[in-house]
Every structure is written in structure tokens, then in C-alpha cells.
């Protein structure tokens, strides 16, 4: 039951490596927040500074409004679930789960009740007398969660808790973690490098890169309005297609992007925002799912693509194709499972340019435009 | 044919390895006068053993060896554990300190024995078991620290972090989590220290007196006093090896696991 | 340039663990084949028996028609790319790549030519003097591939070569491996636990479980016609929804599946195949992408689902919902990104039952029915 | 204030550790008559060193020590490498064989020295450097095998598999891949073996004659002949430690890396 505030938090290591750089973030009470980024981006380091397991070089960390820079981990009343689970190998499941409240001096009866609650919540009955070594990966994961829950902490910090599970179990646990959060209502920080976890689990994503917080926001908002090309590529699979081109005036105040021997008309709704960049080089970003096999809407713009490969995933087909003749670039288009084409043939695809973005060539930052309306999924 | 040759070779190898200790055992159970007989077992006696205890004070020496070996391990292990842990987890002393620890192990014992004698004489601990215990602790400390460092390195730091968020201090995490998890390593290190102390000869020879000798010194005395009494010497050797054999049967598994140096799964 | 034949190949370990059990498989010359299965299913063991790195307990392995049971790995003329890459750490990239043909006694000029070819093919120029320790994960992967290519082997055996790469690089290398195979035309065996790799890379998938080969076939054919519930679940994400129910007669020769308080009419096209199972318990299998938000086709069957969670991935939304009232079960439906609903509300979805499958309750094997037509993606 | 206490404590510790060796160095460079002076450096002489070589045959002993230490390592290392590799990769001998290797290390040296003497006398190798080389090789073999086993275990089997599909035999994979990759381990093991042999006293005392003594025996002789000549002894100690210091400066990094026992990254 606590907010977490980070003010200009930096963490430099003795060898000069920067762990975290000037991070400002306020995590609301009860929020489920995701730290997303490639390995080495500082997301786990940031989590550990919140837990107090690593000191910070500068800045302030507040939990529930209280400055905790110099507060020991045990006095922060937060629980951490580690990627390795970090179960105590010499203790039984029961002892693992009871360790935390025992350390806090709880009475035997209270310990029994709390552990029992967590055991039932997580379906661990029957495993209580086993040592961690005798558990499967999924069971260990649950015990680690249980150990955190029993303590009834102010906040849960989860450090890539799903990365050691196989794909199917990972999908199940993803859902269960979300349900658990909904039930317990505790502030939760979840660190991951998995884009699917980031999109589906949290209230907000914080995307990190090289120790910096690049963008924070609701998953669909970040997805629809990436701050730069890094976010645009990282938060999707296949990544957003980024096409270097030029913004040109097309008469009558209309704008077009000239790229790869194609002219992409800029939708009128974005005209005002982009007007200042007319005549300049830009990076044109369009997501793979904004390509269609048929002109379902009148504003879709036809482009010709030479088929390089078709990845038939079952429910859908990903087309990898070359756009342009003189200096062709490779693009990915997400099409329906009914799409068929011969490798090497040319096909016409239809681009919905409304969700497009333009990025500055030098800074790689997005050129601001009014966001398209995003409906938030209730509740 | 080739297989037969292989098996024959293996049997030969086993014989070469096992025959000497078995022959020592045999000689220890045969009267002195028949020791050099080529018969397998010309007569049976436990007289050599009885003599050792009755005439050569082997009971005392045995007890001395146990006190010195166990005492030095118990004294050194806590220091070794904390040093090893500091080396494994923190920057303490840097690479140079780690090297120093190894370096002390490189000094020739012969060069150390005289200073040790001088120091012990200064505090009046020559000819005493206490003195030997202290010296052996000092001799074992670097080696034990090094082994335990390897062990502690093998324990994921996550475990300590988990304990610290669960409500322990850093010291509590060491005490409640790291130490129990490294019991096999501590046991292996302890046994190694015991064996090194049990077998040590040079320091025991110089630092102990007639009543505070340990088994190796007593064995050497048997071999040099008035000619070699081969029956008694054999019995002494068997007695010297006995605790090692007994101990190792129990902890064989432990040692092998412990001495894979730091691979706690 | 070789076919690989496995006849009743079994591999038992000394400790009684079964690595591979009675595998029969013929891999055609030039084919790209995938061994897919969860960890511990024996797929890597099978690959190693082909390479000769592990002996087999019984059966026969033939490469290019020649029995190789007792042929040493070096005389099989196959190349293996290991999951760990297994680059020789004391050799430079150039030495790593040249090692294989050097061992085969090639002349210096030939070595130079071959290595240079592979270097250009894989874009390794400039790295030749580095040691493996100074390379990134992706570069190591390329060097490992290069080392295999230089040898010009009869077949490539790839043991989870992409599993140590991050998501974006993995997607790129997936495509590059396919292109490489198309270019070199060598028989290739690719071991993976990744369902996406399996669907998109190979001519055929072999699905393994507990040492047995469960099903082999073209990816889309296996996807459309799984042999049992294991394959049905494993080869999709989210897995196929499996609903325990009963096959009942609905008058006029029509059949329905009664499950979860719902009646799912069996399409007429499957009636003949399923008639024998009328009145028996069955497992009704329907894929997540066969749920629709609107009744686009008249034969879609409406069902009411209580929304448990919506996973908004960006390009699409996965709905997790409860089907049925008395003993509800959880199903996953793959819907468009435009779908919106409140958690806890009830929504109507429309099921396309034509691709449905029924599975035997006891054996978990599929109840045979004529396959729907599957168009193969050319070429 | 607390910080000052800490630093003072650390300085004290450094002094306690470093003072004795430095004092030995000082005493070795001071004339015998002034050895026990409390002055820091009452006079300077290299006479102690010159005397050692001129009157005490230290040149010969030094050479003996080098021959014996280097020779025994060169003799033992190939056997240790192949044994360690067999233990690391194959089931060879099972757990029991591994235990036996450790067990031989547990026997008290005092119990081994007499049989060793008997065997060497049988083949006429007492008082010879060859005999010492063979005995030291045998003594070091189990330990070196054990260390190298740990090292080889740390080398992924994939590397050998890659080599074998690349066209080598199993032996070729060991020779061309495993050995070069384990050079740090071999170096560390070799240095350890060298140090153990260099410092060994008991076997050298019993098995060597007046012209085949090694440094530790010569040092001991200095200490017992007619009273302790502290200046000469100090010089001898410095000389005994010198090669260890020189060698270790070069390979410090190597050893520490090698002795993390099998963690080749």
C-alpha cells in the first residue's frame, strides 16, 4: 500500500559503468508497472535500488512518501521475486514461505494462518515439506511468489520472474500474476525484456535503454505513440517498419513522404503537425499490421512489394518483402492467414497511413503529432 | 583377446595399488620375529598394538593428535569462513590480498618453523598442545580461506538479497542462509584441515616435547630409536591411517561434493 | 547433398533414462526439417545421434544411403551448430572457420577461398582477427554458422542455434537461415523448442515428446491437423482450446458437441467422420483464431463468454474468457485490436467450427476426419 | 573517529603481516655479529649470501632444488592431465576411483617415507636426484589430477563435439582444443606442483645425500649444525623464497584465474 517515487536517481558503479542515469518516476499506490528494456539497460538495477539491495549514487527514493535512501532492505517492507527464484535450498517450502514473517517476529499462529492463505491462493498444498531442489520450475516460481505474498509487503518487486519458464507456462503465469495483482491491490514493479509481458500485464510501461528511462505510459498509448525509433522497434514483433525518406509538399497544402520510389500521402489529420518538416529528410514509420491485402478503406494507399519470404504462423502470415526498386528496403507486413503469394513475385499491399509516425533523422525522436484516439480497455 | 589384456592390466594395477597397504596391515598383525617371512599370515597376534599402547605411550600421542587436529580446525574455521566470505562477496583487499593469502601458502615450512619456535618460546607455549593448536590454525588458515572463498562464490548473491528483503541484516543473511547452505563446503574444508594437521610432521617435531608428541612424531621415533621395529611401525601406520579411513567413509560423498570447489547447485 | 534415414532408432542411457525411442524418419536430400518439442523430449539427442556424437542403442542411421552406425563423426561429413556456438576460444574467427577444412587436409589456397566466401556471405569482414570472447552474441552465432558452411558438408545440423539471441535478432536470423538454406540447398536439421521457428522455417516439422516422434509433416498441415491434444496445444500460442464434452445426435443425422452448457453444431462436412462417436465423451478442440467478434459468415455459431482478461498486444487482442456457467472453463480467443470489453462483462463471440477437431478422451489422439484444404505457400 | 580507528587497525595488521619477512630480509643483509641489534640497519653486508654459496654449497643445493621441482612437475603433468581428463569426461573408475585419488593424499607422509626409501634403495636411487624427481611426481600426481579434473570439467563438451565433427579424432579434440584452452589451468597446476616440491622437507631429508640435498634440507642443516647462524639462515630463507616471489609476480594473474578451479568462461 504505497507509492514509490524516484527523483533523479543515478547509480554509477566503481568501474565507471553507469547502471541507472537520472531516472524520475512516480509509481502510484496499487499500480502495476513494467520496466521494459533489452538486457543491460539498467531495469534490474533500478529495481534493486528500490529494494535497497544496491545503494544509489545520487537522487532520492521514496516509498509511501518516506525517504528511504539510507533505509536497509529489511526495513523497507517490500518483497522481491528474483529471476533465479532464490529459494533457500536448505529449507522446506513451508520454511521458505514462513521465513519472512518469522524474521519480523510474528506469532506461530499468525505464521500458520498467513502461510496457509498463500498456499491455498497459489495451489501449493502437498508441496509444503519438499525442498526447493525437488520442485519443478513452475512450482519454484509459485513458492517464490508465495514467499513474497506471506509477508504482506507494501510493494512487490518482480525481477524477470517468468523468464525461466517454458512458453506455455509463461503465458499462464502472466495471467495469474495479473489476477493476483487485481486481488491483492499492491503496488507492483515487474521487470522484463519480453514485449508481450509488457503489453499485457501492466498499467504502465517504462521503457529503458542504457540506464535511461526513455518513455513511460499505458501500454497501448506507448505502442501507438512511441517516443523514438528505439521504442518503435522494441515494442513490437515484427518491429515497426522504419523507412528513410523525405517529406515533400504535394500541392494544395498536402504533404507526402517520398521514400523507396514510392509516394506515401500524409493523412490530412497530420498535416498541421508535420508542416514544419516539409522538404526535410525524415524516417517514415509504419507498423506491420497497418498493411492490408485489400483496400478495405478508401484512404488505404497501394504499394507494390516483392515477396522475399512468407512466415505462416498459423493464425496469421507475416510477409517479408522488398519495397522500392533502386535501393529496396525490407519491410514486414502482418497479413491474414489466408494470404498466399509466390516467393519472388510482386504483390500489391494497402497501407493505412493514419497511425503513421515521422521521426527526426538525427535525434531519432518522434516528430510530435496529435495522438489518434486510443480506447482504454476497461476497467 | 584385447579385452582380456585390458582386464589383466587393470587387475595388475589394482594389485599394485592395494597390495602395499594390505601388506602393512598383515605385518602389523604378525609377531615381530616373523615380519619378514614370505608367508601370507604365519601367525596372528595383536601384540604389536598392545605394545604400542603399553610401552610407547601411543594412547597419549593419539589423544594429542586428536586434540591438536580438532582444536586447530575449530579455531581456524570461523576465521577462514569470514575471510573467505569477505573475499567472495566484497572488494576487500582487492586482488593483492587474495594473492597474499595464496603466497603465505608458498613459504617453505622449514623457513617458518624456527620463527614459530621463537614466538612460542617467548610466550611459554613450546612443548604444549595449545601452542601446536595455534600454529596449526595459522598454517591452515590461508588454505581454508581459499577453499571457502570458492564455495561462497558458488552461492548466488540472490539468496542473500532475498534474506535481506525478508527481514535479516547482512550478517543475518550470512548466518541463516549462507552458512547452512555451505555446510558441505565447511565440512570438506574442516576435514581437509584435520587431515593436514593430523599428518603434519615438521612443526610437531620441533614444537612438541616428549609428552606432547603427535602420532607422526611418535611414528618417526619408532623408526629411528634402536633399529626399525617393523611390526610396531606397521601397527603405528595402521593406527595413524585408521581415523582418516573411518572419517572418510562417512564423509566421502561430502568431500567429493565439497571439493568440486564452489559448484553448489 | 544427402538424405538422412532413421530406422527404429533408440537411445537408452546407462542410468535407464530413455533419450530417443523407436524413431522412424526419412529426411530428403535438400530438405529443411525441424525437430520441435519441449525440453527433454529427445530432440537434441536425436540430432547428436545423426552427428555420431552419441551412439545409438538400436536401430539404423543412414546418411546418403550409407549405414553410419559405426562411422565416426569426422567421417560423416556433417556440420553441427551448437546452442552454445562452441567456438574455439583460443583461435581467431579466421582460425575457427578454417579449422574444419584444415583438418581435412585442404590446400592453403582452397582454405583461403572457402573462408573468404563464407565471410562475405555472412558479413563477417573485419572480425577475422578477433577471438570469440570479443564478439557479440549475434556475431558468435554467425561465426558458428560460417564454420559450418566453410566445410561444405553433406548436411547441417543446428541445435537451437537461435535460442541465445534476443528477440529482434532471433527474428532476423530466422529469416537469414531460411535464405541460406535456399541458397546452399543442403539438407538441414534444425532443433528448436520455439513454435514460431518451427512454423516459419522448415519444409517439415517433427514434433517430439518423451523421446518419441509424435507427428511429422508440413507446418501448416500439422497446424491444421494435429495428431493429438499435445500437438494441438504445443503448436500454437495461445494453445488450442480443448473443451471436454459429449458428441450428441441433433436430429436429421446432424451432430452437436455438448460442452460447457453450450451446444456446438458439428459442420455437415465432418458428419460422416464423426458419426461413429455419437453419444460418447470427446474433447472438442477449437483454435483461438476461430473465434470472431462478429458473425461474418452465416455458419459461425454464437457463444457467450465472460471476460476474465484482455491481453492487448497492439496488433491484436487476446480475450481470456469463461465459457459455461455450471463448470466454466477458460478459453482464449484471438480478436482484432479494435475489440473492447469490460473485465467481468459478458460478450458474444462467434465460433467458426469448420476447422474444429475432436479428440478421443482416453488416448488424447485426434478422431480422424478429412482435412480441410490447405494451400501450400509457394514455392 | 571510528574511521580513524579502522585505518589504524588496518595499518597495524599490515605491519604484523609484513614486518617479519622484512626483518628477515634486513637480518640477511647485516653482519652476523649485529643480527640481534635493535637498530634498523646497523651495517650492510652481502657476506651472508657470499658465505652460503662459498662455504655451504648453496649453489649446488639451489640447482638440485630447481632440477627436482621442475623435473617432477614435467614428469607428473602429462599423467595428471590425462587422468584428470578421464575423470572429468568419462565414467572411468566411478566415484570410488576419484575417492582413491583423494585418499592417497590423506596418508601421513611419515608413513610413506620409509617405504619410499626401501623402494628407492632397491633400485639404487637413494641419494640421487632422479629418485627425488620420481617420488615427488608420485606425491604430486593425485593433487594435480584433481585440480585438472576440475578444470576440464569446466570446459564445455560442445567444444570437443565441434572439433570431432570438424574432422578430429577424440584424441585430436583433446590435443588441439582441450589442452590449449586449459593452459591457464595447466600453468596453475604446474606452479602449485613446483611450489610443493620446492618446499618439501621430509622426503628430501630422508632420500637425499650430502651432495643431493635440496634447499629446505640445507636450511635445516644451517639451523642445527653448531648453533643457529641467524644471518646465514635469514639469507637462506630469502634465497628459498626468491624464486617463488619472482615466479608468482609473473603468473599471479594466471594462478588466481586458474585456481578458481574450473571456471573457464
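As written, the chain order gives the labels A, B, C and D, with residue 1 at the start of each chain.
Just so it is clear, a contact is a pair of C-beta atoms (placed from the backbone, for glycine too) under 8 Å apart; a residue touches a chain by one contact, two chains touch by 3 or more.
Just so we're clear, the structure is a prediction, and the values are computed from it rather than from any experiment.
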* Chains in contact with chain A and with chain D: which ones? -> B, C
* Structure fact -> Here the gap between chain A and chain C, centre to centre from mean Cα coordinates and rounded to Å, is 26
* Structure fact -> Whole-angstrom distance, CA centroid of chain B to CA centroid of chain C, is 56
* **Contacts with 2+ other chains: residues of chain C** => none
* Asked: Linking chains that touch, what shape results: line, ring, star, complete or other?
  -> ring
* Structure fact -> Inter-chain touches occur between A-B, A-C, B-D, C-D
* Residue numbers on chain A that touch chain B, as the complex places them -> 14, 48, 51-53, 72-74, 76, 78-80, 82-84, 86-90, 99-100, 103-104, 133, 147, 151
* Residues of chain D touching chain B in their complex? -> 17, 20, 95, 98-100, 102-103, 105-111, 114-115, 146, 150, 153, 195, 198-199, 201-202, 215-217, 219-220, 223, 228, 233, 236-237, 240-241, 244, 248, 252, 255-256, 259-263
* chain C contact footprint on chain D (complex, rising order) -> 91, 156, 158-159, 161-169, 172, 177, 180-181, 183, 264-265
* What does chain A use to touch chain C in their complex? -> 38-39, 166-168, 171, 174-175, 178-179, 193-196, 199-200, 219-220, 223, 233-239, 287-289, 308-318, 320, 334, 337, 340-343, 375, 377-379
